[in-house]
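Chain IDs A, B and C follow the sequence of writing; residue 1 opens each chain.
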């Protein structure tokens, strides 16, 4: 039997902010074209872990990692890896919608522009495709040259997702992408996540257990820097192995 | 691309590091010329002689008269600016309606933007003649008028820095005072000012440093006669004025007279450097306390 | 009178004193501006702006002085802006917390507190003498550039600090490099604040006389400077020179020149205030 293929693997991963040990020996593998959710109380390390997957913590003073993160079998902390290339492969969506103070169009094509792509047709096509994928095209196609800051919060977040898709990554990291949105916008984003997993590997950090239950295939529970339990979402929510997981998902602490 | 990034970062860092070279150059220039000066003039004479007459036939190189002149104008300026500036800070913080504060603050800032030669003109042509109607034996050039106008000039410095310090005091402290039935005045002087004292002290130190280094105002209005006196009605000379006076004349480079301006300069630099660093030190200590 | 009545009276008295103090500065400012206007306004005419200096007060003009002032402003901008903004960007975006960088910060704070006349001594020795520039426009502009550098650095840092972290994150997450992020996102977003700082720096430079006198700028320059190596004078030096003369006619000239200098200063500051407000209201993240 051939070894199962995993999109992302974390092996003996430890992370530190200065002397603070933020992630303790994390071992887990994430499946391709599936949604994996990270849950756990604030400060448990789930966001830190998410941000090690595209090296967003690199610019933080005093942050360092030990161990390996393999993307398609290749260590992303390896010496020959270029961070900008990595981030084109692993896109990211943040907690609060953070469009650039530019037009809608310029937001979507920003990733292409910094790669030096100037061909107007390519830019326009990519913009349309990405906006269609996030179901935003119909809403904004007539105002592409207006400021992105004029959109509603939910639209801004979908724009940020479109912006991430425009550079055609294979993995998308989402750091509590709906925590700043209203329920209707949240539902739209969740629908979108469901669509996107046909083509992308999605890792999502969420505070909302129902959301993890609704959108994810796998769920990982973190507690004070440790990966306590990692299983199929259904299994983890119906028959958790650890008492801590049980307590957390039933709302006994958090 | 990576190489380009490195080059850009290198250039940016260079721009920042240049500031260290500027400091080094200031110290080097002042020191090297002063060392030549002190090889000819004893440092004891420099610090103790009561006369400063390097441009006369009978030369004396005692810095004290210039220091006295600088001290006198500075003291008068602070005597004007501290009570007024601090009162403004307290008034704007505790009494004034928000809209009044919003209008008045930028107007006061105008005082800080006017070039100092302009203040000199004002002191010489308006304030001195006015003061002479009250003090008949006031000389045309004097420390009093220059110092008072300088005080007006540095009011916004003290008022805005002190106001920042007072408004940084935690709201709970003020509310506690009001809660016990204090009047605004009692709250201000009993609670706010003591709590903000280190910030207020910093504002005063920076104002002193500014006044010590002020040049054109005193060069125009305070006179050019080095005199070891604390009498504010007679012409005096400050360290800064002396440097301007020599620069306007025709003193050959490399002469002892030329070097006197660097000896005067290093004296000035030592004062302002000490004052500035004292203020940083207090500020740092104070920040640690509140964090 | 009860104690509490006494306290209320004192409180009221201080309030009156507070209003008085707040207005005293403004009243002095008003008296001063009115006095200058009365004394100098009628002296300003086309001839005053276009005449060369003269020993006769009635024939003297400020042509060389204002041309010198504009030369100095332009040269100082060219030298100080790139340097100051780069240093500000480095300290805010690139530098990590280490000893060199905390030393840099203390050093810049110190430079901001060095009296302007000391910069004059530095310029006299380094630019005028060692580099052989003499009392030229270039030597003057270099000296003033060093003088305003801390202002530009500090305001650039403030402006950059106000750009939210999330904008940088978004850019990095799309594969942008540090410089691409700085150039495409951080600098455009902080442009207004940086511009404000630059104009404040210019308004400081325009009023300086002492350091320029020290490097050897002359009060009497009978020609209009045409290149950076020419000798020059500036408005503040011209004002100083006229104020120092005993004849009353020259004081009128000084007042008239002060009106022009204040006009330039107020316009610069007005632009800075306008930009600051416009920029603060523009983007709310």
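One rule holds for everything that comes next: a contact is a pair of C-beta atoms (placed from the backbone, for glycine too) under 8 Å apart; a residue touches a chain by one contact, two chains touch by 3 or more.
Remember, it's a predicted structure, so these values are computed and weren't measured experimentally.
Touch-path distance (fewest steps) from chain A to chain C is 1.
Located most centrally within the structure is C, per distance between chain CA means and the overall CA mean.
Centroid to centroid, with C-alpha atoms defining each point, chain A and chain C lie 48 Å apart. For this pair, chain B with chain C, the centres built from the Cα atoms lie 17 Å apart.
With centres taken as mean Cα positions, chain B sits 55 Å from chain A. The set of chain A residues touching two or more other chains comprises 84. The multi-chain contact residues of chain B, meaning those touching 2 or more other chains, are 1. For chain C, the set of residues touching two or more other chains reads 177-178. Residue ranges on chain C touching chain A, taken from their complex, read 96-97, 164, 166-167, 169-178, 180, 184-185, 188-189, 283, 285. Considering their complex, residues 7-8, 10-11, 14-15, 17-19, 21-22, 24-26, 28-29, 31-32, 35-36, 39, 82-84, 86-87, 89-91, 94-95, 103-104, 106-111, 113-122, 124-126, 129, 146, 149-150, 153, 177-179, 203, 206-210, 213-214, 216, 219, 236, 239-240, 243-244, 251, 254-255, 258, 261-262, 265-266, 269, 273 of chain C touch chain B.
Put simply, chain A touches chain C in their complex at residues 54, 56, 59, 61, 84-88, 91-92, 94, 96, 98-101, 110-111, 113-115, 149, 160, 163-164, 167.
Contact residues on chain B toward chain C in their complex (touch as defined above): 1, 4-5, 8-9, 11-20, 22-23, 25-26, 29-30, 33, 83-84, 87-88, 90-92, 95-96, 104, 106-108, 110-111, 113-118, 120-122, 124-126, 152, 155-156, 183-186, 188, 206, 209, 212-216, 219-220, 240, 243-244, 247-248, 253, 261-262, 265, 268-269, 272-273, 275-277, 280.
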